[in-house]
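What follows is a structure written as structure tokens; I'll ask about it next.
So that you can tell them apart, the chains are marked A, B, C and D in the order they are listed, and the count of residues begins at 1 in each.
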Amino acid sequence: MTLRDYRYASQPFVVGASAAADFPAHTVVEETLTEVVANDWVNDEYKHLVVTASPKALAVKPGQFFHVLCPSPDQGDLWFRRPQSIYAIDKDAGRLEFLYKCVGRGTHGLATMGPGDKCNIVGPLGIGFSLEPQWKNIVVLGRGVGLATMAPISQLAGERGVGVTAILSARNASYLLSREKFAAIGAAIVPVIDTDGTSAVENVEAILRALIDDGKADAFFTCGSNRLFQVMRRLGKEFGIPGQIAMEQIMACGLGPCYVCVKTFEVDGQKVLRRVCVEGPVFDIQEALGW
Amino acid sequence: MVDLSVKIGALTLANPVMPASGSFSTEYAQVIDINRLGALVAKTVSRNFRAGNPTPRAAEVEAGMINSIGLPTKGLQYFLDVQLPDYKQYTPPLVASISAEDADDFQAMARDISAPGVDAIEINISCPTRKPGGGNFALQANHTRDIVARVRSVTDKPVWAKLSPNAGEIVDVALAAEEAGADALTVANTILAMKIDVASFRPALGNKVGGFSGPAIKPIIMRMVYQISKAVSIPVIGCGGISNAEDVIEYMLAGASAVEIGYINFRNPTAMISIIDDLRDWCDKRGIKRIADLTRAVRDDDMETDIYAAAAQGL
Amino acid sequence: MVDLSVKIGALTLANPVMPASGSFSTEYAQVIDINRLGALVAKTVSRNFRAGNPTPRAAEVEAGMINSIGLPTKGLQYFLDVQLPDYKQYTPPLVASISAEDADDFQAMARDISAPGVDAIEINISCPTRKPGGGNFALQANHTRDIVARVRSVTDKPVWAKLSPNAGEIVDVALAAEEAGADALTVANTILAMKIDVASFRPALGNKVGGFSGPAIKPIIMRMVYQISKAVSIPVIGCGGISNAEDVIEYMLAGASAVEIGYINFRNPTAMISIIDDLRDWCDKRGIKRIADLTRAVRDDDMETDIYAAAAQGL
Amino acid sequence: MTLRDYRYASQPFVVGASAAADFPAHTVVEETLTEVVANDWVNDEYKHLVVTASPKALAVKPGQFFHVLCPSPDQGDLWFRRPQSIYAIDKDAGRLEFLYKCVGRGTHGLATMGPGDKCNIVGPLGIGFSLEPQWKNIVVLGRGVGLATMAPISQLAGERGVGVTAILSARNASYLLSREKFAAIGAAIVPVIDTDGTSAVENVEAILRALIDDGKADAFFTCGSNRLFQVMRRLGKEFGIPGQIAMEQIMACGLGPCYVCVKTFEVDGQKVLRRVCVEGPVFDIQEALGW
């Protein structure tokens, strides 16, 4: 038998353990063994996961992500972690929150966890959003899973007294996740949905143009829809509005060395590859080519 | 307390645990104390910039992963100017890894990368997905011999030849590398493999096929390390599917002097540190004084070969 | 309702699911309805009695097992007198599997086993652990060509050549077999592998090394089926690591016309039946009318090869 | 995702399911999904597992075994089943019992199961003990795990009015498992242990000779100790007493085709290999060469 009670070597920092003796103090990223506090369905596709967190994990910034070791949904193991961006940070309670869509084996495995289960996460990872002091009003545009990613930056903006307009896109009203999260920080909420056609590119463009006219768009933030990203990018270019986009790509290491997670960007007319895990996941909206 | 140090030719490592090329960079210092590693093995570099292969570049499979990264690199000059000084902030010996288009280029690369601070050169003659311009020279003994000999002639650094498990006659390739002057053999690179997504009917990798690594391949590479260690007298470095300390012990028993670890770093970034700690505990518990004594210590000489006698005893 | 039947040359199977040689016998009738299988593949027989290899003969490894059974057999006469009539109590076609010491013996075995009731002959030229007298002829194209040609010349039964994944140039071996007249290729036998018990320092198998099978090897064999199917025009039978219906679909997309299933029968004796049921459901759900249409249906012709274009779209 | 909620194909008979539609009526062996009723420690090494059983599984005979799919004790899967001989058959309650020693990953995994968990077993397998009508008194000799195997044949003997002397061997008194099981059927119990030297070969031989003298040994049954088996074999030969031994060997299929589980036997001076799973696990004591 192995020496420790695991088969695959690992030496995570255990949240709540008295000393972090084995964990070098200077590291900023941690493999952490958290405990699940809650893991509840928010609709028929999405779950909301709350876990205990260590001080290093709590230092996560909006737009950063954790690389989550999901348990198996069946009898077979999983062999890659799954990246999940941070959805909420509760420093006081020492908790992290994630909002995830159940799509494949990994996320379905994650969905099997319950309070008290141990969840191994690596993070905080990547470069998050930046909020420049000169911005008074920002526009966030999210769809689907992207709504989760938009929540913490909106919250930070709210805390700093920056005005937030949140354009929330979804198939129908029941998938308009975390509306309350945006409401709680006093964001102006513009729901756009497929069922009534409000999420159409033309309509979203009209909304954005109105916000620009109103001086409500000092910066753009987006995640979750290629179609809507393209609108933001175009308008950002037209009006010189800075923008940031959170990207996704299949990942192996999540830390930089493997070069699995590259995406193409365009910088000064040149195509370049960048790693979503360390050079992102947040990128300049003008350099991105597609979500 | 066990002495974990091992020797690979003239080079002494504080312990037998190294990262495998391509699975490691100094970016790991974000999460572990990389000064604890036996050595640092850099990602393979080639002379000029290479973008790599089309995405998707990796897919999960049972007990591991397949990848077709395609050896992206910023090129030799960038390595010497930026990466080498970066690596030298850390204490473990540095193993540079090189790839090239042909034997000439390998020779020139080996010469040019023999800078102070590079403690050994691993020649990656075995990348299964590199294109264009061939790449998997280690499929054949004659190509291997040629490249190793030419590399040998231009550098005083220890030369480690990284072999390919896709070779049909890997022992012959190993012997050719030894003969041509390799100081050590890294056994091995990834195994060419494939996955097709049954939902989309498409290959899971942009490159269609890719290299297989992770726990699944361990028994295959273990057999190769065992066969090669019986045939050569230079040190062998085991590489393939290591996921815990017992896997390292198993490779050493089979003949390895040290190991390189790839995939499991992706699953658990703290794995190498945990493995080093566990190796110490494992040896201490059994009163093993020097871990180096485990190399080639497999007890296979007195095995029962009579079928009826074997099946009469125990299991 | 999908038509699950497939053709391997002139032979029609009710569905693409067959047991792999050595993992099956009529003893499975104790636990499943073996009349539901596409065909029955018998354990390899050779001319004379063979006891097999020393124990232990199998060990569990990550995602599979290694074995060194050593082709025990009661011999050809016993097969013809006892096993053949036993198999013919069941309705699926019977595939006999033969092994031999050399090309002469293969030829004579093929002739002698061409009895009524034998619907095809699989020539096991690829057993990695058989001894003494060699055995893994499929490592080389010339040996393969020779044996297939000689077997072809003495029998009218369909001849399936079972290839070895240990070959370095398996596509060349496949082409040699096709050229020499094989009706189909079974891809593949087990991969030579090893495990050492870290408690006892001993090889886990009496034979030291053994053949690796089970889910771990699937991506490797998948790549071989894909490469070989592109090169040959005879049917390919996928064999290696299948553990559910989607694995069968994946092999068919890669190029297989049917599959053989080994290891998973040991884990779950009802697996083959479940796979047949699941194949039907899988096809019906997607409106696939004939499962045979999935053979070589992988969508690899229009894949993006420009690195920057690929990494700009989706994943 | 897979069609069923498993990764590895399987179509077990589910105990308690209304119809066995998928399971051919003529099969005598079944892959069965049982439910754990209890799984308790009997000492610091052995656990006692009780599961629900189907009619086919309940047809198991003493000396036969089931091939058990053990859950993982760590994060890794297990890839072989583990054979476990039947320890008790409760036809009325529809339950099977096993007594197993926790030695490696498989049995430690089995030890993690609790009431309500599903346990996949294949069986009944192999050839069990036979109890000839002419035998009035039998001697069973078990050690360690072998005691489990001896229990059902002793019970059957008890039910048929055959006298049973049970020589139970163990390291010390606390490992003398299932003493009560033997007591309950009215067996004469002879405990022999290492700590006071009573389990020594000479002493066991003396006990057996005395039983033979007393006419208490019409047949011998043994399992679990090579040393003690050799004594029984020798005395059986000397006095012409028929004997049966239950053997162990690493198994893959458990059904006959794979030839993994062979052991050497001696028949008419010739060495032969036999498969423990289908030609055993119970063999003629005179033909066996070692436990």
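By our rule, a contact is a pair of C-beta atoms (placed from the backbone, for glycine too) under 8 Å apart; a residue touches a chain by one contact, two chains touch by 3 or more.
Quick caveat: nothing in here was measured; it's all calculated off a predicted structure.
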Chains contacting each of chain A and chain B, listed by label: C, D
Of C-D and B-D, whichever chain pair has more C-beta contact pairs: C-D
Separation of chain A from chain D, taking each centre as the mean of its C-alpha atoms, in whole Å: 55
Where chain B and chain C are represented by their mean Cα positions, the distance between them in whole Å: 31
Approximate Å spacing (C-alpha centroids) for the pair chain C, chain D: 35
Cα-centroid distance, chain B relative to chain D, in whole angstrom: 46
Of all residues in chain A, the ones touching two or more other chains: 2, 6-8, 76-77, 249-250, 262-263, 273
Of all residues in chain C, the ones touching two or more other chains: 51-52, 55-56, 61-64, 215, 246, 307-311, 315
Contact graph of the chains (line, ring, star, complete, other): complete
Chain D - residues contacting chain A, complex: 1-2, 5-8, 74-77, 104-105, 108
In the complex, chain C residues that touch chain B: 51-56, 61-64, 66, 70, 139, 166-169, 191-196, 198, 200-203, 206, 208-209, 212, 215-220, 222-223, 226-227, 241, 246, 249-250, 253-254, 297-300, 303-311, 315
Residues of chain B that touch chain D when the two form their complex: 307-315
Chain A residues within the chain B interface of the complex: 2-4, 6-12, 22, 24, 27-31, 69, 76-81, 120, 122, 249-250, 252-263, 273, 278
Touch list for chain A against partner chain C, complex: 248-250, 262-264, 271, 273, 289-290
